[in-house]
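Encoded as structure tokens, here's the structure I'll be asking about.
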Amino acid sequence: MSWILAGLLIWAAGWALNIWLARQGRGGLLIPVTFGLTLLALWECAVRGFDISPVLLPAPSDIAARFAASTGLLWEDFVQTAIKGALTGYVLGGLAAFAVALAADRFDFLRRGLLPVGNFVAALPIIGLAPIMVMWFGFDWQSKAAIVVVMVFFPILVNTVEGLQAASAMQRDLMRTYAASYWTTLLKLRLPAAMPFIFNGLKIATTLALIGAIVAEFFGSPIRGMGFRISTSVGQLALDLVWAEIVVAAIAGSAFYGGVALLEKAVTFWHPSQRGRG
Amino acid sequence: MAINVIYAKSLDLTFETNDGPVHALRDVNLEVGKGDFVSFIGPSGCGKTTFLRVMADLEQPTAGTVTVNGVSPEEARRARAYGYVFQAAGLYPWRTIGGNIRLPLEIMGYSKADQDTRVKRVLDLVELSGFEKKFPWQLSGGMQQRASIARALAFDADILLMDEPFGALDEIVRDHLNEQLLALWRRTEKTICFVTHSIPEAVYLSTRIVVMSPRPGRITDVIESPLPRERPLDIRDTPEFLEVAHRVREGLRAGHAYEE
Amino acid sequence: MRQSLIPVLTIVAAIFAIWYAAAIWLNAPWARDVAARGDQELSVTELVAATWSQEKPKLPAPHQVAVELYDTVIDKKVTSKRSLVYHSWITLSATLLGFALGTALGFALAIGIVYNRVMDKSVMPWVIASQTVPILAIAPMIIVVLNAMGLSGLLPKAMISMYLSFFPVVVGMVKGLRSPDAMQLDQMRTWNAGAAQEFLKLRLPSSMPYLFTSMKIAMAASLVGAIVGELPTGAVAGLGARLLAGSYYGQTIQIWSALIMAAVLAAVMVGTIGAVQRLVLKRMGMA
Amino acid sequence: ADDLTLQLKWVTQAQFAGYYVAADKGFYEEEDLNVTIKPGGPDIAPVQVLLGGGADVMVDWLPSALAAREKGAPIVNIAQPFASSGLMLTCLKEHGIESPEDFPGHTLGTWFFGNEIPLFSWMGKLGIPTDGSEGGVTIQKINFNVDPLLQKQVECATTMTYNEYWQVIDAGLTPEDLVVFKYEDEGISTLEDGLYTTEENLADPEMVDKLVRFVRASMKGWKYAEENPDEAAEIVLENDSTGAQTEKHQKRMMGEIAKLTAGSDGTLDEAAFQRSAEITMEGGMITEMPEGAYTHEITDQALN
Amino acid sequence: MAINVIYAKSLDLTFETNDGPVHALRDVNLEVGKGDFVSFIGPSGCGKTTFLRVMADLEQPTAGTVTVNGVSPEEARRARAYGYVFQAAGLYPWRTIGGNIRLPLEIMGYSKADQDTRVKRVLDLVELSGFEKKFPWQLSGGMQQRASIARALAFDADILLMDEPFGALDEIVRDHLNEQLLALWRRTEKTICFVTHSIPEAVYLSTRIVVMSPRPGRITDVIESPLPRERPLDIRDTPEFLEVAHRVREGLRAGHAYEE
């Protein structure tokens, strides 16, 4: 009971602190961190207050302890899944989507033919693709990368195609008056104008990539990797390890997203959504 | 006989819109010779921009023929025969002012050093030196307009198509830029098509003034200027000048129902 | 539409050609093994025929999938548990519910983020972090918890769909709602428009292109969510259950037909959103 | 009637025929029970469902149940319908494996989630390293199907006598193409499908009464299924809501399952328990011998 | 003494940009009484728009005070005290011309019937009847500008802040709209702040002309017009008119380095 009360108090305090911080116009990272810490405290209090079994939901303190105790293991899994699987797939998938978007943009025939079919293929749910990819590309990270490629392809393609239409009529007319070639127009006008859209897709794809790589490991993996660890640990009810992996995933994913968002800020500084917070 | 730089015959242009067609140009005929300075004047919405866009191959006429430098507008465009100043500034927000002016130079393959000198020169011309590194949204409306003029002057096109380039400028800058433009024109023998709303400006600048009337846009009058090519600013107080201005005003007035 | 027909058909034909070739390539080792066990030599035509007609091929040939689809879509009563239509419907209903919930949630969060400084600063990073949690890992737990709370059937699956689909909507809508330029916002200020008016009359309309793009992605994500959600519910029904059961009994043809069905669903739904998009943008004079 | 929910360890198949038969034949009804049977799946941990309150009884294998118990889940075996183990390792003969001595240098595929434990302790007994070092074997995690074996991604794979083995056969291989090692024969078998509930439930006399009736009816179902395998398989098929199972496969599976349940009246054999627990400990899944992990209370009452 | 509608004291405004601060306004002082028609004139980039934006609470001064109707600009804005015409038309592309003009009326809660009559009235005023159902991009630049003027006139604000509203219009329409605006002003006793680049326009319309000079923007001259409130178009040929125009031109010229 006292735990639950404490939880409620902490929640109120955290929220108040955040409002205060936001009013001060300061904080930067401080605000989300406070928010997160509040959530964690709430969780801890709930687990203790309601006496939830550790095989259902471990307390954050248990997870932290496990995390500290297994950094070596977590790092090995991280390299296997996030770096080899997700990152490779993200880069390849991004390039592929970008190339297809350009091809579709360049050749109307392809756009009409490929886009509907591409949407169709990309809409294949990865869960179904995962076993097939494992069958084709083997148990190791290559099959994970393949699934990530398929997963990130669609969002990046859709956004890039959309973005390539984003330049305004007058901006295009200007290029026409310079008799700029297709590639020049693309490079100097349409790509810059498309960047806000492309980054939209790239950001969504960061999280998809990590999920994809992890989930794919459920369908076959060497005996390491985040997805492998999660799925086997659930079976062994080592939920503290499961959550430690999830924490790694969350940190890696957020950092990945944050990196892309920073890049976006640098590239699309001119877009109204970046210029001023309205 | 010298070949016409611009030649339009029986031009028609109709826009199809969600509620019916809009006749923007109807039976437009015009010949512009090399080195002419032609001003277009007419009530708002009469088709001046549309006509300029047709010359620039940005709009396809529904009927009739146009040639630019004796070839189709498209070929002329491909040959980079003209510089175009749009009615709105239309700067690319991701480029600085300097970057925007440099854009056509990059596209047309000027050398890096040449680009730099040209950018500097035209920035001086429109008095924006010091703003090279600013982004468009950090400039006032008039400054943006000047940057867009500079952009069109930065490279060497034989034909300049200018759509109300000085609309957002005060009289002093305008006078200054008018002089500069005239000097440039005399020096380079460019052919200039110039849309304006200012009667004195049209008369001061042009060798020929085309008056248009609206819906559907037609040419109602073409006035040859008797003024010499050499024009100091105070030519605007001479009787010849006022005489021409009067004719233009009369022609314009005819296009406005409420003035009759 | 009509101009698209020939290009689409060309691409589809190309894909089928590649598919058939891949089937030969991938299934040949097995066909050779079988032949070797039976002490036979296979001629090329026999080999090709064999690779296109295996019962459990590594990659089923298109016509095998087509036959299976025909059997399970056309030939079975739609209420039958062996009918793919029945399973599709189960997945579709969860997808649509999850999509609706996800879009609503994404919308609400985006509004909160755009209008509320505290939310802007505190929620977005956690929304992102939420998406890095591998859903398949917590899906069983969600299902277990919801089941324990007495929720079963459609809703738990829809929750997972929602979890996956709200994210693209948040990201796209935050961008879209922030896309009006300074002058447009200033105008609203001069009229002293209330927050609701500014939203309805300026931010919302200008976010439309972003909204639709996001919704297309959300719909695809939602379908994945529904299928993921069907896996741990004990493979009861739905396309996910078909995939799973197919996988556990090595029925590649069944997996592929469920996959194709899922892709058809996704394509139809994404296509529908696209059609609505064209309609709306046209009415807004933006197309 | 009293409500009771049973959580299975796997999808609906003849492996669980006893329960479906008991429900279908009205054995539960006779005991005034209204039993809901929840199928399982690959990523569902029945223990979680049990502790989360989603079920009252579950089917589980002893090693994983013991591991859960040591992790803090207070679960107890109340009945053991399966007397012997159906687990085995199936190898393709073409890879040249004829006896356990041939394993080194080969890739063995096994299911994880606790199912790998007997294999590891077996390799331990044989003195074969599993860390991929010289003269050892490579252990590969595979999913619950035989594709990796057929596609030669592994040379041996874990199979059940009643299920995966027949999938290999259905794929076109003959028993002569295969070499099988039954865990039961190698002396490394652990107890499989047993019924488990929570200590909390066992402390509640009303619940105990329900469980007694449940076990009694279930065992009746099992014995009926053993005697009428074809009918039992039909019943299972009717209850399969994925519509993916085939009659041929389920009938065959029922036949094999009958061999595993034969000779059990539901009472847990303490010697088998002891052996299973030791193997589980050798495999490292538990660290000390469990106490109170089973009770005869329910079966004692049910069988009298 | 009547209360000032607009009162500015020691206004300073500096923009921080990527390469250093830009001083847009420096020590600006001004009082505008009820019913005044004040024109702002000055070289491009001198801070006219910025000053108007400060009055409208769209920009916060770095130092100094402004009041509008005796209260802060923010309160005045909340009380919907003014209509603002932006330098660029800024129509919403997803609304028709009619819909754009109706927008502020919707926001301010005018009744449906009232909206309709008002939209019709102002469309007539700027001569865009018949274009109600068109989308902005289907209109010429000048037509868009007129639509944006109509939008600001559609509702009843005591103060009108107009940033070069007639910049893109031809002389005839401009004269016409000038007359209309004067009539409106006399009839409604609105207070009008008006940015323009045209000296004759400033002199013709205003009771007071504020001349500004650039970087940093300062007020260099405030000229009270001796002209009567009632002003036929041909007042522009009177000596008083030319005299005022001359003073304005001199003031302006001072701000341009190259004219000295």
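Think of it as A, B, C, D and E in the order they're written, each chain with its own count starting at 1.
Going forward, contacts are C-beta pairs under 8 Å (C-beta built on N, C-alpha and C of every residue); 3 or more make two chains touch, one makes a residue touch a chain.
These numbers were taken from a predicted model, which means no experiment stands behind them.
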Note, CA centroid farthest from chain B's centroid sits on chain D
Sorting chain pairs by contact number gives first A-C
Distance in whole angstrom between the CA centres of chain B and chain E is 27
Expressed in whole Å, how far the mean CA point of chain A lies from that of chain D is 38
Cα centroid separation, chain A vs chain E, in Å, comes to 49
Rounded to the nearest Å, the gap separating the Cα centres of chain D and chain E is 84
Check: chain E positions touching at least 2 other chains come out as 88, 135, 137
Multi-partner residues in chain A (2 or more other chains touched) are 56, 131, 135, 218, 231, 234, 271, 275
So chain D residues touching two or more other chains come to 42-43, 45, 48, 52, 143, 147, 151
The chain A residues in contact with chain B across the complex are 168, 170-171, 173-180, 184, 188-189, 192-193, 195, 268-271, 275
Per the touch rule, the chain C residues reaching chain A in their complex are 3-4, 6-12, 15, 26, 58-59, 114, 117-118, 120-126, 128-129, 131-138, 140-141, 144-145, 167-168, 171-172, 174-175, 178-182, 185, 209-210, 213-214, 216-217, 220, 223-224, 227-228, 231, 239-240, 243, 247, 255, 258-259, 262-264, 266-267, 270-271
Listed in rising order, the residues of chain A that touch chain C in the complex are 18-19, 21-22, 27, 31-32, 34-36, 39, 56-57, 109-114, 116-117, 119-129, 131-132, 135-136, 154-155, 158-159, 162, 196-197, 200, 203-204, 207-208, 210-211, 214-215, 218, 226-227, 230-231, 234, 242, 245-246, 249-250, 252-254, 257-258, 271-273, 275-278
In the complex, the residues of chain B that touch chain A are 53, 56-58, 77-80, 82-84, 86, 88, 90, 92-94, 103-104, 106-108, 135, 137
Within the complex, chain E is touched by chain B residues 15, 17-19, 22, 41-46, 48-50, 87-88, 127, 133-135, 138-143, 145-146, 163-164, 167-174, 176, 197-199, 249, 252-253, 255-256, 258-259
